[in-house]
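We call the chains A, B, C, D and E, going by the order they appear; numbering starts again at 1 in every chain.
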Amino acid sequence: MSLLAHSLPALFAQAQAFTPPSGSEYMRILPELVLSVFGMIVMFVDPLLDENRSQKSLGTIALIGALAALASTFFTAQYPGSAFWNMVRVDGFSVFFHFLVIAIAAVVILSSYEYMAVQRIRAGEYYGLILFGTVGMCLMSSAVELVLIFIALEISSISTYVLAGFRRHEASSSESSLKYFLLGSFATAFFLYGVALMFGATGSTNIDAISHALHSGNVPVLAYVAVALMFVGLGFKVASAPFHVWTPDVYEGAPAPIVGLMSTGPKAAAFAVLLRVMFEINAPGRFWLIWVSAALSMTLGNLGALVQDNVKRLLAYSSIAHAGYLLIGFAVLRDFGTSTLGVSAAMFYTAAYAATNVGAFAVVSHFANAGEKYVTLEDYAGLGRRSPMLAATLAFFLMSLIGIPITGGFFAKFYVLSAALKADLVGLTIIGVLNSAVGAYYYLRIIVMMYMREPRGEVPVTSAPPATALAIAVCVLATLYLGVFPGRVLDLATQSASQLLRSATTIGATLPSSTGPAQ
Amino acid sequence: MAGAVNLLVQRHPINSALSLVVVMASLAGEYLLLGAEFVAAVQVIVYAGAIMVLFVFTVMLLNAGEEARSGGSRVAILLGIPGVVMGAVLVAWTLLHHSNTQAVSIGALPGDPRDIARLLFHDFLLPFEVTSILILIAIMGAVVLASRPEDIARHHHSQSTEKEAPEFVASGKER
Amino acid sequence: MNSESLSRIILTLVTFIPLAGSLLLLLIPRRDRDIKVFALVISLLSFVTSLHLPVHLHRNLAGFQFEIDKLWITSPNIHYHMGVDGVSVWLIVLTTFLTPLCVLISWTSIHERVKEFFILLLILETALIGVFTSLDLFLFYFFWEATLIPMALLIGMYGHGRRVYAAVKFFLYTMVASVFMLAAILWLYAKTGSFDFVTIQNAIRSGSVENFAAAAQWLFLGFFVAFAVKVPLFPLHTWLPDAHVEAPTAGSVLLAGVLLKMGTYGMLRFNLGLFPEQSRHNAPWIMVLALIGIIYGALVSLVQPNMKKLIAYSSVSHLGFVVLGIFSFTNAGLNGAVFVMLAHGVATGALFMLAGILYERRHTYEISDFGGLATPMPLYAAFFLFIVLASVGLPLLNGFIGEFLVLSGAFQARPIYGILGATGVIWSAGYLLWMYQRVFFGKVKHEVNKILPDLNVREKAALWPAAAMALLMGVAPILWLSSIDPAVQSALAPFAQLAAKVVGQ
Amino acid sequence: MTPNPYLWLIPVLPLAGAAINGFFGRQSSKKAISTIALVFCGAPFGLALWIAFGFSSAAAPYYFDFAHWIRAGSFQADFSFYLDQLSLVMLLVVTGVGFLIHIYSVGYMWDDDGYYRFMSYMNLFMFFMLTLVLAKNYLLMFIGWEGVGLASYLLIGYWFTKDSAAAAGKKAFIVNRIGDFGFLIALFLIIRHFGSLDFTAVFDKIQPLQPETTGAGLLTSIGLLLMVGAAGKSAQIPLYVWLPDAMEGPTPVSALIHAATMVTAGVYMVARSHVIFERAPGALMVVAIVGALTALFAATIGIAQTDIKKVLAYSTISQLGYMFMACGVAAFSAGIFHLMTHAFFKGLLFLAAGSVIHGIGGEQDMRKMGGLRQYMPWTFLTMGIATLAIAGIPPLAGFWSKDEILWKAYNASWVYWLIGIVTAFITSFYMFRLLYMTFFGDYRGAATVNSHPHNDHGHGPGEPHESPWGMLDPLVILAVLSVVGGFAGYGNRFEHFLAPVFQAGVAELAQEAAGTGTEHLLMGASIFVALLGWGLAYLLYYRLPQLPARIATNLGSLYRAVANKYYVDELYAILFVQPVVDGSATILWKGVDEGVIDATVNNSADSARHVSDNLRHMQSGNLRSYAGWVAAGGAVVIAYMIWMGVR
Amino acid sequence: MVPLTYYLLLSGILFTCGVLGFLIKRNIITIFMSIELMLNGVNLSFVAFAAHWHALSGQVFVFFVMVVAAAEAAVGLAIIIAVYRTRETLNVDQVNLLKL
């Protein structure tokens, strides 16, 4: 806080000396601004409120903030272009991810209402961290400068590190937090080293400039190493094999709504970064890297999930697998500009997966009850009989994860695989298709538990409070919408993907023979 | 470098911390050699000063003893270390043969703080501002995580007057 | 509404009436009786609506009728394209015909979660009809997968002993297989830019699909595996006995009656329709598998101690006839194959209903638990015998027509196929009559069986239509064949050309 | 051909009767049931007579297309009926004998609980049998063919609470199915090569073909396969095994189905297909050999049977063998002639046997009969006539038809004749044996009657008594027919009547007709052996009743083999039934299905889970291991990328 | 004149030491220190490359890295404290509640 307060006057002082950012430039970070403002409001209001009522009201403030930010993305969308000396760029791509990430945050906030009350967690920091973390994720998707990407990445990471450890009376939660933190920092260091080498190889940290340099042909070996290191870091963030090992542990220990958040939000943002880093800069030699990583992720994720008994852990493995499917979309873009299919498919996948998974974790967190006691498969026995609606929604989400038609998950997989086939990636498609069949098994186990086993008496089933119900409903509707009318969202994704790729290609095309920006 | 190796070899965290300080100080020297005065200064102040103090403080606070010789991880030894060594060798090899960098003279870089400031508050204005959010988060996180759980319990349940502190936390503090 | 304008939306109506009914059912309070009556009304309504199709079908036209084609999703070019020909019309009617009977037969055997049961049943009906109406590959796949869930849930929630195992096995088995079909569909889409069956068919026939020659065999297999598991073709059949034994009666009826036909329908429509050359090329081993299925299914059926399992294996045998007929590429064979599908649907559906009636009374399917039942339940025994005879393929009942045509077609294709297939005629008499003898003849062996009540009105209401249909189909198959034949002929047209080409060389 | 609009009524009327009795019989009175059954069975008989009076040997066949049935592509088979001289003979036999047996059944089955069911089944049988006879194409014939099988199944297993009856019904059906298998394949061959199943269409195409001289040509194959079907239905070697068991059914059933009508369907079918057989000498020879062997083989078994109905059953098989032998030597009209006379006297024999069984309270074992002559004189009288007829004593019906066959057989080969004459001798012997054991001597059954509460008939114990006149009337009528029926063949009148049907055959036979001297000689021989058999039976079973037992013990194993029907049933069980059942259970079901296929499926699932279980150890929970994975993965990635870069 | 490569090598060695430290050390705090060591290694690279390209942005990057490192340190040490509270150990090998 103090630092921010400190820097404001300085900012203005400096701003006078140079051309100040115009109003439209602020518009381009409007969602971030809104989120930060509301985050601060939450922080300010927290001590003022009566402790008993604070949870609800703080949550509501946070929710309003998220919704306002959501609305503001529409304004932002009106001002495409770069801002702040080429730090951020607003295009369809970034708007898409803004919208997605903020929507995720909003739903998570909504589904946290009940969780807060049940788990006795400090609400002020909780909601504040979610909002601030969302800022980081938003920035990740719009940043075109590695410095900013790095910082945004850290914002989102650090806030999730902390959020993961929020159930502080639980050893598992702090352990989850610790593991996430240490490994996350470890991976960040790799990413950073990659950035450093990229800087060394190209002399810039700006995506455009790097892209420029790398399009010129004659790519230095250093750049390869840099891409490798950056891939390690980002691969870790998106939990793709072989950098996935942290996922199950962390997801198991972290609070359930937060798992919903971190399995979707930061992941989506990290995918956005990965897209920028991999494609916009035309990372060399990426194809087999992604290919192998995708195949490994799917296989390891699905196989790992087969024998899990803890639902959160199971869903963690599933998220690894889904990262793998998503990476198929990445693998499609072997060459520049051939098609936008891969990118748009991947974007659609993130959206569909987010809608589904947030919803699934909302149900899980509601059902887990105080102290997250009921998270094993056995606890779900007979849920279909005792709480039909809850079970039905969870079943619906699981179907989406399996990839059954009329759910978003189906089209997500469908787009990714059809893009892969269009690019003649038959091998990868077959691996993906087989994996989705294997994956059906463990999702089915949950459904089987819910519907085909006798209920166990000792597990309490409470009806979902309005907020949770609303959150779940939103997710169901979103998943359904994506499953029945995927066209609009896909069009959007295709458009923004083509923007992304066009900007990348034009850079490459306009300077065919440049040898790099420096010297 | 010696410091770095020492960090690895030392088994007591305090010693490791001190050797890290040595590394950082010497790095500051390197920066000076490269002409990055500003960075060198910040290195000394932020790293050696602030961060390491934090470390030492934590070590003291938690009264960390010597590392026990636990079994360790086979994966880390069998897979990780060879991997790391291989990777390091490869990177080193690349750096040596493919970095096509010429030698730089000492103090080659105009590390003028004013230039840096200009860069910082103009080109990199946004990251700078965003950093504040980062710091804010860090503070919040630290507060939340480091505060004792019973505080929160009291914070949220002020009615319940008598609340036993979890015993192990208390004992941990007293030690 | 005049029939002209009704014809334009009839397929949508037929497909979605059950779904709409199931949604309404959600709103009905949990009074079991109301729910059952409502479900019955809905299923009857959809049956009556579906009758519009055969009545107004132009029998001499070969192409698709009652077509509806609306853009659904733009960017993968997915259409809401439905249409039927003389083959699918009857499969739809079969579905709508069996569903009310399923409702009736489940009236008292389902005690708890009644609402869910009928919702699932109606959803299943919609999905099944959808499979037969879709002309868009995507839509087809959509309905295809959509049948899985309600069926698996029906088995898993309302089944017997090892229901979970059976449900999971059913789900995974078919899921794994249909995933190959998805891959093939995706490939076709990637190369043709369309999911439309007719468009793709034309593209393939005109040879404008790049790389098709290299991929065709794999595409064929992709489709084929999905269908073969569903059929189920030997040796992919092991999910079937488990699923049948554990499924509730209505589930078994629809599973055997309609679900299995999805596979054979798919082979007819897609394998033959899209890949005639590959179909021809692969026909020998497929027919061998079908033959193995016929004989093997019958032999294994012969020794089953469990009534339902016996019927399940008999389905393997009967569906072998269908596959045999389809891949004979003869007019008689295909006509017969379609007819066997329908006949098997009615007869085996009725057999499962009968087994279910017995289960409701005695809670067992073990043949050894019965014996001499003809004494306490004469009417039941009469129905059972009638259906058994239909299933055995007695002339003038529905089983015979199809089997005869299939075998004669197979014989035309290659005599040895017809001869081996015809042995199935002997086996089916063997296992069914032996079972019948053990269950119904002799003295009543177990005291409990002496007081078993005969059929009640509701059960009669469920069985009469099935029995009447079995007879009607046997006596007047012309009603069916007259519309099946043109469809089959158009399906065979490319094969005639292929044959001509071979001869020409 | 002349269209005849009433033709379709002949089969359909009994069907209506069956339906009425089947659906409403349970609620109606027995009188109403009987009325309906008799009316709907008698009406076709009347119709058939009416048609017959307008039909001469020169008349063109009648036909009637009733409705379309199957049309698939170029293939079609319709409900169309056809009447020529051949089918007219069959029609009269079936409706006439059938009607008589219906009348008989009213009395015989009156007390049975399932009376309506029985009558309904009987009418149903009539429907199918008439369809078989009147069919204009093979497929419609096949309907009747299978349908009579069904009716036979239902009626054999009529007393279904008796396990042996149920098993016998099933056995009959399945064995028939084996025959039908051959029939079906034959149909497929015909479709494949002639594109139709219509008699006229097919025969028109075959007519111009030359006889196949050697080897197995198309027509030979068709003929052989048709013979397989006929062997199943008409109980020829090797498919005869069901017929003796079929005696588990009520006696009228045995009379109607298993003696007079259904079992002759095979003969009718072969005769109907004479166009094919005439052009397939190989097939024809097989028919003759099978017929001859069956005749002899079944006759020998008949000697040692003690169950009165079993004796008649084997006798039926043997006589059917005769008919096939006739067909096999291309003497189709002789075969049909014998078919007709056989229907009279064998129907009569069964009915009389039924009367006996009825009269003594359900006993079928001849060893427990004897001396019934005085208790039931009418039964004795009629049965005596029938026995004389079947033994071939002139001038009764059996003599004429048998003699005709033997003469034709001799013309083909003396071997056939020899077998025929030996069989005639044995037939005469066992039939008189039956007569003596049943009606002569002292009554041996009184004491043991009680122990058979429900064998054939639930009449209970008591004195042997004569049957009511309702049952005796048919016996008398049939006895008259058995006496005079043979004169239809006098002077080859029967053959001439059928001449339009068997044109080609008659022409050939007329040429080779040698001198009548040989014919008379052979006639004498057959009369001689008939009398010889009678004498032997008289000797053994009337004069010296102890002798048979002694002979039996002396012959030892040979006698046991004959008495146990040469263990053929057991042999079949060991060779076919058990291997199939056990093999299916152990090898196919438990072995292949559960052991291999399902195990593969489950194993692959298990192994996936196993892999998964192993994989989870990657997740040791140890932070440093995780870092190790990341670092190792990173190293690989770096190595790969450097390789890419340097390349 | 020191060849740039030496700086880079040094930074690489520092980084490697950090990674090794992460893998070898058992005390959580020390592991954390290893991460700091890695970051320092990176920083050196940045400065060296900045010198190479004559671009100040590298130095600015270093500045940001330091800020992030500080933030991480604060959070990280707080997490360590939290873990210590619940588990009473600083040995990573004993922090393995969540596994398999």
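As a working rule, a residue touches a chain if its C-beta (ideal position, glycine included) is under 8 Å from a C-beta of that chain, and two chains touch if they have at least 3 such contacts.
Keep in mind the model is a prediction, meaning the values are calculated, not measured.
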Could you name all chains that are in contact with chain B and with chain D at the same time?
-> A, E
Identity of the most central chain, Cα criterion | C
When D-E and A-C are ranked by contacting C-beta pairs, first comes A-C
Would you mind checking which chain's C-alpha centre is most distant from the centre of chain A?
-> D
Starting from the mean Cα coordinates of chain B and chain C, work out the distance between those two points in Å.
-> 67
For the pair chain C and chain D, the C-alpha centroid-to-centroid distance in angstrom is 37
Cα centre of chain A to Cα centre of chain B, whole Å, reads 26
Indicate the whole-number Å distance between the mean C-alpha point of chain A and the mean C-alpha point of chain D.
-> 79
Note the residues in chain A that touch 2 or more other chains, in rising order.
-> 147, 151, 154, 158, 161-162, 165, 168-169, 174, 177-179, 182, 186, 200, 220-221, 225, 248-249, 438, 441
Residues of chain D that touch two or more other chains sit at 605, 616, 618-625, 627-629, 631-634, 636, 638, 642, 645-646
Contacts with two or more other chains occur in chain C at residues 172
Name the touching chain pairs, would you?
-> A-B, A-C, A-D, A-E, B-D, B-E, C-D, D-E
Complex interface listing, chain C residues touching chain A = 72-76, 112-113, 116, 141-143, 145-146, 148-149, 152-153, 156-157, 163-164, 167-168, 171-172, 175-176, 179-180, 182-183, 186-187, 189-190
Contacts from chain D onto chain C in the complex sit at residues 67-75, 139, 142-143, 145-147, 150, 153, 157, 160-163, 165-167, 169-170, 173-174, 177-178, 180-181, 184-185, 187-189, 191-192, 580-581, 583-585, 588-589, 592-593, 597-598, 601, 605
Over in the complex, which chain C residues touch chain D? Could you list them?
-> 169, 172-173, 235, 237-239, 296, 299-300, 302-304, 330-332, 335-336, 372, 374-375, 389, 394-396, 400-401, 404-405, 407-408, 411-412, 415, 418-419, 422-423, 425-426, 429-430, 433-434, 436-437, 440-443, 475-478, 481-482, 484-485, 488-489
Would you mind writing out the residues of chain A in touch with chain D in their complex?
-> 178-179, 182-183, 186-187, 190, 219-221, 223-225, 227-229, 231-232, 235-236, 241-243, 245-246, 248-249, 284-285, 288-289, 300, 303-308, 438, 441
Give every residue of chain D touching chain E within the complex, in rising order.
-> 616-617, 619-624, 627-628, 631
